[in-house]
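In structure tokens below, several structures.
Two complexes come next, and they have one chain in common, chain A, joined by chain B in the first and chain C in the second.
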Partner chain A sequence: MFDTALTLSDLMFLIKGAGMTLAVTFFAVTGGTLLGLLFGVVRAQVSVWAALPLIFVLDVFRSVPLLIQLVLANAFQAIAGLNMPPFVTSCIVLALYTSAYCTEIVRGAIEAVPTVTRRAARSLGLTWGQDMRFIVFPMALRVALPSWIGLTLGVMKDSALVLWLGLIELLRSGQILVTRLQEPMFILIVVGAIYFVMSFPIARLGGQLEKRWREND
Partner chain B sequence: MFNYTFQWRQALQKLPLLLDGALVTLQIALLSMAMGIAFAVVLAVARNAKSRWASAPASAWIEVSRNTPALFQIYMAHFGLGSFGIYLSPYVALLAGITFNNAGYLAETFRGALRAIPGTQMRAARSLGMTSIQAFRLIIMPQMFRIAFLPTTNQMVWAILMTSLGVTVGMNSDLAGVTQDINVRSFRTFEIFAIAAVIYYLIAKAVTLGARLLASRLFRY
Partner chain C sequence: MIEVKNVHKSFGTLEVLKGVNLSVKKGEVVSVIGGSGSGKSTLLTCINGLEPINSGSILVDGVEVHAKTTNLNKLRRKIGIVFQQFNAFPHLTVLENVTLAPRKVLGMTKAEAEEIAIKQLTHVGLADKLSVYPGHLSGGQQQRMAIARALAMSPAYVLFDEVTSALDPQLVGEVLDTLKLLANEGMTMICVTHEMSFARDVSDRVAFFHKGVLAEVAPPEQFFSDPQHPETKEFLSNVR
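Right, the complex of A and B next:
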């Protein structure tokens, strides 16, 4: 049980896979957060009826399995002749997927700022932009950050699905090693441990932040 | 616009097959939720227990299920157990993986709900002469399910979406599996997956709507 054929270079191969996971996550979360900020502000400002198309589209991203979204997007870019590499397709799909959740976080955080506070800001002569920047943003950030950290970790875990498009990320590189070394349990435990190390400390940090900010309220 | 002719009719002809697959998807999701809830109640209680022998394994289960991908958990059941000579079929592996995942997430939901129930409830029940098991079953648990109802229905939607991961371990009878099966035979990837996406969307919406109706009937007071 304790002797294994897993060598140091195999371990490096896994680390490289983890790098791919982190790269996909980085682009997806960056893109998704920017889009989510935009959509979230729109959602908080515009009436429900005016935002209905946006609500529907974002809801689709949350109600259709990510795997199906990835396959659909990949098939679509092939049909449209865009010739996108799988990495780009994966990042775009994951970014849109992230933005759907991020929009709800941003909207919830903006709506958590009391209306009277914002009215007070406006009556002091702040413009809408100033009110957003100096009043709403700092207050909403505290509400949003813990859920945003949770979302980022969720996207990192969901990014494992990009293996279906042929990207060699952490789980896929583990699978390749399993095929070669025939030690599924051991290698998968190593893969799982890498995921756990990437996710658990940050999840803890998010929980701690949430608790501390709640106590200080 | 595109140098491609969409063949919707060919894909739509497969609709009965896809709907059969949707039933399997629903079946797996329901089974995994039922088992997940049962495990989650035990995990939530065990994690709060004073004895380390009860809380440590529960914490381990919860943290591993929440900090690794669901796909990894399914791989673990399907490929990982092979090291011990246990070979699970894709159906069982998928069910085991999703159940493990559901249990971990629901346990945290239930733990939060348990924290929201005043401690006086338990003491009142005990002073009325109930045993601790009776008090938990008759007084605490119904309130816990009530508080956790909406997060639990969200988890149900997640479970439905997670069933699509089965296709990566060779599952071919659920909605994603059937879709992939037709895809590799007809190469109408976009059309067939688009129809599958619509079915997934409708199932998810039906579950959400059903849960809301149920909640408004159950929690009128």
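Right, the complex of A and C next:
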């Protein structure tokens, strides 16, 4: 018969960790998406040469392992005497990391809008900003959404690395319980299930939107 | 009046317009014919300032299109343009496609814009498609919607850039009929086209675009029966 030492309060401990994971993910994805929108528009608008510094910086964020970024950022902020709480450092690093990927998603989606369609919009007298707002963004959103959902789900899982800065998020809570209860299999299954429960609605929301757009367009 | 004066335009080292001259009076219909890739479409996109030019000048009602001080967004209100393809805004219904610019550019209320849009859509025979998304329209219907969208801005001039070239043959007729309707109503039009019968029957003048210049501009009777330029003769003998 199956038996476990996991109590209700242990489960609440895991859910608290999950709350931390959600909080870090929320700030990282919100910040990263806003920055990604800004950088993506710049990338789509200016020439490769003009965007070179931006491309370089974003490439750094994409190619250096997230763990190294977190540890270095935390060390630098300490040396600089910023006294940032680990939660803030984590959110900033993850947001920049997210923005590096989001920029490419946004750029690709904007460039997927046919030039002729944009010319048709401008030829009607719409300004650049109106063209962006009423034509380009709505059309680009449909292209970008699947990748953006993938990015969000990825960041939620990658956010586990903030445990290295001492934040007790979902995976770290699981580790603590594993150490105490010595039931790694069962606890990891529970932790995995909680990750799934958090990811599923986001994935479904994306699927729903895509389905609705497909029926219309 | 549209006046194109000695316009030169290059893409990199490729010079596509090599001193184009053309003037189009109010109420006139001018068809521009010529080989593919010769720069006919570029001429149209230069006229409403979508493309910069290298030298020369283009004046629309006396306003120089490429002058730095010209407000292009304002000027474009009176120059409609319909392209060969991808004209539709796919995320907006037919009615929203047509009302967008009157609302956002001219500042009309939703009701005012819809009244005009419905009038123009009825005009091009799409009154029963108002709430349909463009993806559910045929190519010919999409082009007619694009025409209605341009007309909803009450332009003084409409430029047509090979609007039937991307259509299935059986859909060409409905779009040409719409163009004929506009021409008969006195709309000023410049039509880049490969439809010789349209050029012959509807235009006041036909222009032959060849090697970066308008080699010959003449009324259709003369253009098709007695072309002066040897290249025009050769082109016409090939298309007939």
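Here, the second predicted complex is superposed on the first by the 198 of 217 C-alpha atoms of A that agree within 3 Å, B and C clash if a C-alpha of one lies under 4 Å from a C-alpha of the other, contacts with A are read in each partner's own complex, and residues count from 1 in each chain.
Just so it is clear, contacts are C-beta pairs under 8 Å (C-beta built on N, C-alpha and C of every residue); 3 or more make two chains touch, one makes a residue touch a chain.
Predicted model only: the values in this text are computed from it and were never measured.
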| Overlaying on chain A: chain B and chain C, fit or clash? | fit
| request: Identify the partner contact of A:Trp164: answer first if only chain B is touched, second if only chain C is, both if each is, neither if none is. | output: first
| said: One more residue to check, A:Gly207. First (chain B), second (chain C), both or neither? | reply: neither
| task | Name the chain, either chain B or chain C, that contacts more residues of chain A. | result | B
| task | Report for A:Arg122: first if it touches chain B alone, second if chain C alone, otherwise both or neither. | result | second
| message | Touch test for A:Ser63: chain B only (first), chain C only (second), both, or neither? | response | first
| Which partner does A:Phe134 reach: the first (chain B), the second (chain C), both, or neither? | second
| said: On the combined arrangement from the superposition, state the nearest Cα-Cα distance between chain B and chain C in Å. | reply: 25
| field | Touching both chain B and chain C, residues of chain A | value | none
| query | Which of the residues in chain A come into contact with chain C in the complex? | reply | 114, 116-117, 119-127, 130, 134-135, 138-139, 142, 213, 216-217
| message | Using the touch definition from the top, list the residues of chain A that touch chain B in their complex. | response | 60, 63-69, 71-72, 75-76, 79-81, 153, 157-158, 160-161, 163-164, 171, 174-175, 178, 183-186, 188-189, 191-192, 195-196, 199-200, 203
| remark: Within their complex, chain C touches chain A through residues 45, 48, 50, 73-74, 76-77, 79-81, 83-91, 100-101, 104-106, 133-135, 146, 149-150, 153
| said: Under the stated contact criterion, what part of chain B meets chain A in this complex? | reply: 2-4, 63-64, 66-72, 75-76, 79-84, 157, 161-165, 167-168, 176, 179, 189-190, 193-194, 196-197, 200-201, 204-205
